[in-house]
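What follows is subunit A paired twice: with subunit B in the first complex and subunit C in the second.
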Partner chain A sequence: MSAKIRSILKSYAFLRLIRAIVIIIVVISISFFIVRLMPGNPVDLYIVYLETTYSMPYQQAKAMATAIFGVNLNEPLYKQYIEYMINVFRGNLGRSMFMNGMPVIKIIAQYLPWTVFTVGTGLLISFIFGILIGMAIAYRRGGILDSIITILSSVLNSVPNYIIAMLLIIIFGDYLGVVPFSMLRGAYSSNVIPGWNIPFIMSVIQHAIFPIFTYVITTIGGWILLMRGSTISVLGEDYITVARARGLPESKIMTTYVVRNAILPIFTNFTIAVAFIFSGSVLVEDIFVYPGIGLRLLQAINQRDYPVMQGIFLIITIAVITANYLADVLYGLLDPRIRVK
Partner chain B sequence: MARTSLRKTYGKALSRTKENLIEAFHALVEDKLAMSGLIILIAFVLMGLIGPFFIPPPTPSPNIYAPPSLQHPFGTDFQGEDIFAKIVYGTISMLIIAFVTGIFITIIAVLLGSIAGYFGGYVDNVIMGLADILLAIPQLPLFLILAVLVKFLNIISLALLISALSWPTAARAFRSQFLSLKERDFVEASRLLGFNSLEIIVYDLIPNILPYILINVVLNAVYAIYIVTSLAYLGIIPFESNNWGIMLYQAWAFGTIYNKRTFMYIMAPIGAIVFLQLGLLLFSRALEVIFNPRVRTGE
Partner chain C sequence: MSNSELILSIRNLTVKYRSRRGYVNALRNINLDIYRNEAIGIVGESGSGKTTLALAIIRQLPNNARIVSGSIIFYNDGNKVDLLTMNYNEFRHYLWEKIAFVPQGAMNSLNPVLKIRDHFIETVKAHNPDASKEEIVRKAREVLKITLLDPDRVLNSYPHQLSGGMKQRVMISLALILNPAVIIMDEPTSSLDVVSQKIILQNLKDIMRMFNVTMIIITHDMGVVAEVANRVVVMYAGKIMEVGDVESIFYNPLHPYTQGLLKAVPKLRGETELYSIPGEPPDLVNPPSGCSFHPRCPFAMDMCTINEPSLKEVNKGHLVACFKYET
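Here is the complex of A and B:
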């Protein structure tokens, strides 16, 4: 039994989990110190705001700030820090300074699913198609299709996501006039009832399709180029030559030797891709007026609603770290060398 | 112990290109993509440097939302300012911030990457741990929040902030280069001759990856343009009226896409950003063609 526990503790997945948790704790700490310790920090600003705007006495303003930010300002700093940490893990991220003090976690619960849905779908589609296309052109390298797709991928890779989003609206909405984008604002149309019914699901897909398309277009080029390079280097390995010499069918070589080995180095880029695509959601959701967490973050920034800003920032970061942890575990399943170490 | 001067070492690192400069030039002319990158970049530099001498600065006029004409090639904006002139006057600051940020990011990345890769162990763990944390934080939301709390006064402070937070990707790449380089025989030889770590890093390791460092500056410049135009579009950079990102925001916010006459109003900044990004990426390919003979022979 104890040997089993020890092997779990030493296992790859467990070590990665510890790492993910450490990173999350560091990010929460950074966020705490920004809010509490920086000169002109939000808590102080809020107290001054209450004092000057509502001519509130200092003690009352302080009590109000305590309620809004979820930190007890009368406690010593280290206690505030520990309390804040516990609160975050309990899901208590403070309250909005507007909207009658709605808890931040409720706001996030309302907006986050839409972002996770669009960003996740976009990431998955672009990863799968990028891998397939990259491998296909690696097999036909030097050909005309290879050079066209390689150039196209580099171009797509260099166009910023907000420009792709704008061009989609300019071309399909305005120039061709085939898509009524102003009707596609929001996550679903107002005339459907949310729930598991076909009109609602259709409406959700209609509204999400252009944001997803934008994420796919702006990230697929990177995957294609990476997979192309990786496949080409795997095809040059000795074991492929040996497999061919053994007379194995090409399709078997491809599925058992090439794909698995070529995908591995690409997984390390998952971290950057996930963080990048979540970053981009701020711009893409703003342009399509899609009610995800990015759009809500912009709104909070414009209102200077600090608890909401801080809460959304934490949640986005935790989402990225979680996605990376899942990618890491998947990587470990695909590559035995990692697990054994 | 005497060592050749720094200038000599780095001159030598680049002289390989000097020797086959002609060969590299021929390869560059052959490679149409790399060449077009060079031409696009030169065009933007000329536009930024010389343009303001020929084109009058954009001034407000009653002639608002004018369609493209000979006098106003891209039409005028919501204040009656010439859009082409705004693009021209925004070029130089865009190039400066792109390259200054690109250089800052690369310097930090080389510094931290070399220390992590060369010394390994505890130092490596700390630096790469920091890199992992920064990589997990989505950059744009982070900049947006910092922009609320810190006031960006000018381009340089913005460039410094971006580079202080955006070095991890490049640092990781440099670290792995240093990891493999430090095992080479010539490093071992220097160590036996009694040179210290700093000397080995400066004299032996960095000259070996100099071309790679230059390419990295360009790629980081592309990233800087993305971040700066995004922040400008979102209204975070208030100190520049001719910034392409701000033009994009104005064109978008004032509903120009619904009017065919002002089509160029929004397409002008879009075109400028896309062409500059593309030009820089192709230019990085040109650098590769010049410095890396293996790219030339098509291997």
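Here is the complex of A and C:
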């Protein structure tokens, strides 16, 4: 039994998990100390705000700030830190300074699924199609189709997603006038009942389709270019020539030789894309008025709602680190050279 | 050659590569007969067309290459087939089953994400889908032992876990798995340390002794040729300059280029200054007129700059393309 435990402890996945957890702890700590140690930190500012706006006595204002930020301001800093860390791991991220002090974790639970849904779907669609198109044009490199798609991909890759979002509204909403964008605000229409029923699902899809489409168009070019380059370099490898010389059928060469090797370097970019899309969702969700975490973050910033901002940053960080972790573990499964012996 | 039964007959093979500067004349009118169970060494400097010739035989030339003319006849159990005009799906079954190819720098010849075991299995399965995995692995163990590798260790390794020399030997074993009639080795010893080189040369000699196989060894190393080949083809600028058995080439080289090549081999004793052929290899986009070697040839005559000598038999089995021997 001890041998088995030792092999798990030594495994690549476990070592990377430890690293991911350490990074998350470091990030949480940094976010705690930045807020606490800044001159004119938000906690003090909030106390002053309560005192001046509501003429609240200092003790009461401090008690309220303590509740909102989830820390006890009477304790020394290190105790506050320990308390904060315990709270975070319990899922207590403090409360909003507005919305009657709604817990931050509840706000995140309400908004995050919509972003995960649209961003995840968009990323998946663009990744799959980008990979397929990139590989197809790599096989036909030098052709007309290759030139057209490569140029188009470079253009799409360099246009920011909020420009595409606005263009979609201008073209479909105003110029062609076929899509009533003002009706598509929110995650679903107000006249449907949330649940597993057709009208609700249809409404969700209708509302999500333009944000998803925006993510797809703005990221697919990158995947196409990456996969094209990667496939071309793999096609030039000796092992492809040898695989053909060994008389392997072309379909087999494409699956176990070209795809498996060409996709490896792209995996790393996949995780970076997760981070980019989360940050990109801020502007896209604002433009489409889609109630995701990005839109909520923007509101929090505008209102100086620090606990909410801090909570959302934390969630985004954890999402990015988790995506990185999963990609690393998957990479290890796909590429034997990465595995730790 | 005790039996001189033909196995490959190359006729008028001309291959060009498209490049920015124009067409590169990689192979020009190659005529070569290869006999069953011989070991033929193809020598020449870089860019002389050795590898192009190998890739043309197995029809794996890069996309920018074009076979302008020629035929490669393969004698298969009494039947003659032209490898170049055959339907590719049909040709796929000639690959590795009849003609195996071990490329230059076998370091990158194995798929990095597959174990060595899987390379053997998928190769056999591509030609014989009904073969059982146990049977394939059993055969793989046999051929790995021929190249002096430890089958238990190697079969379960990934390519990156093996050294360069071991990978080269894995490729040679893999080439034997389907009992091909011909094995083409492109630079089997280059980029290996001398110990690995020695093992590989020993492997090749063992294989020649144990199997009925024709070996085509492409190399720029005269030492390798002397060690394993029984016939030698000297190539220069996409043309064959001289063909003969290994003794004739080494003791009685006819072509000035071959003479130069042999003088350029370092010796253990004797002259300290190493000879090198003056001049540079020709530009194959605009090859020199007449004999391609004339700008570097110490014996060049006026006619060499105008006319191109053709390959003629001077002694029995010893052919040379040079006007020196045509008077």
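Quick note on the criterion: the second predicted complex is superposed on the first by the 339 of 341 C-alpha atoms of A that agree within 3 Å, B and C clash if a C-alpha of one lies under 4 Å from a C-alpha of the other, contacts with A are read in each partner's own complex, and residues count from 1 in each chain.
In the analysis below, contacts are C-beta pairs under 8 Å (C-beta built on N, C-alpha and C of every residue); 3 or more make two chains touch, one makes a residue touch a chain.
All of these numbers come straight from a predicted model, not from anything done at the bench.
Novice: After the match on subunit A, would you call subunit B and subunit C a fit or a clash?
Specialist: fit
Novice: Is A:I312 touching the first partner subunit B, the second partner subunit C, both, or neither of them?
Specialist: In the superposition, A:I312 contacts subunit B only.
Novice: Quick check on the superposed pair: does A:A243 touch subunit B, subunit C, both, or neither? Answer first, second, both or neither.
Specialist: In the superposed model, A:A243 contacts subunit C only, not subunit B.
Novice: For A:T256, using the defined touch cut-off, is the partner it touches subunit B, subunit C, both, or neither? Pick first, second, both or neither.
Specialist: A:T256 contacts subunit C only, not subunit B.
Novice: Is it subunit B or subunit C that touches the larger share of residues in subunit A?
Specialist: Touching more residues of subunit A than the other partner does is B.
Novice: If we overlay the two complexes on their shared chain A, which of subunit B and subunit C does A:D174 touch? Say first, second, both or neither.
Specialist: first
Novice: To the nearest 10 degrees, what angle do the lines from the C-alpha centre of subunit A to those of subunit B and subunit C enclose?
Specialist: Superposed on A, the angle at subunit A reads 70 degrees.
Novice: What is the contact status of A:T271 with respect to subunit B (first) and subunit C (second): first, second, both, or neither?
Specialist: A:T271 contacts subunit B only, not subunit C.
Novice: Of the two partner chains, subunit B (first) and subunit C (second), which one does A:N87 touch, if any: first, second, both, or neither?
Specialist: neither
Novice: When the two complexes are placed on top of each other via chain A, what is the minimal CA separation of subunit B and subunit C in Å?
Specialist: Comparing every C-alpha of subunit B with every C-alpha of subunit C, the smallest gap is 7 Å.
Novice: If we count contacts the way the header does, which residues on subunit A are in touch with subunit C in the complex?
Specialist: Those residues of subunit A that touch subunit C are 237-239, 241-249, 252, 256-257, 260-261, 264, 334-337.
Novice: Can you list the residues on subunit C that touch subunit A in the complex?
Specialist: 55, 58, 60, 92-97, 100-101, 103-106, 108-115, 122-123, 126-127, 158, 160, 171, 174
Novice: Which positions of subunit B touch subunit A when the two form their complex?
Specialist: 33, 132-133, 135-142, 144-145, 148-149, 169, 222, 226, 229-230, 233-234, 248, 252, 257-258, 266-267, 270, 273-274, 277-278, 280-282
Novice: Which residues of subunit A touch subunit B in their complex?
Specialist: My answer: residues 19, 23, 26-27, 34, 38, 40-42, 151, 154-155, 157-160, 162-163, 166-167, 169-170, 173-174, 271-272, 275-276, 278-280, 282-283, 286-287, 294, 297-298, 301, 304, 309-310, 312-313, 316-317, 320-321, 324.
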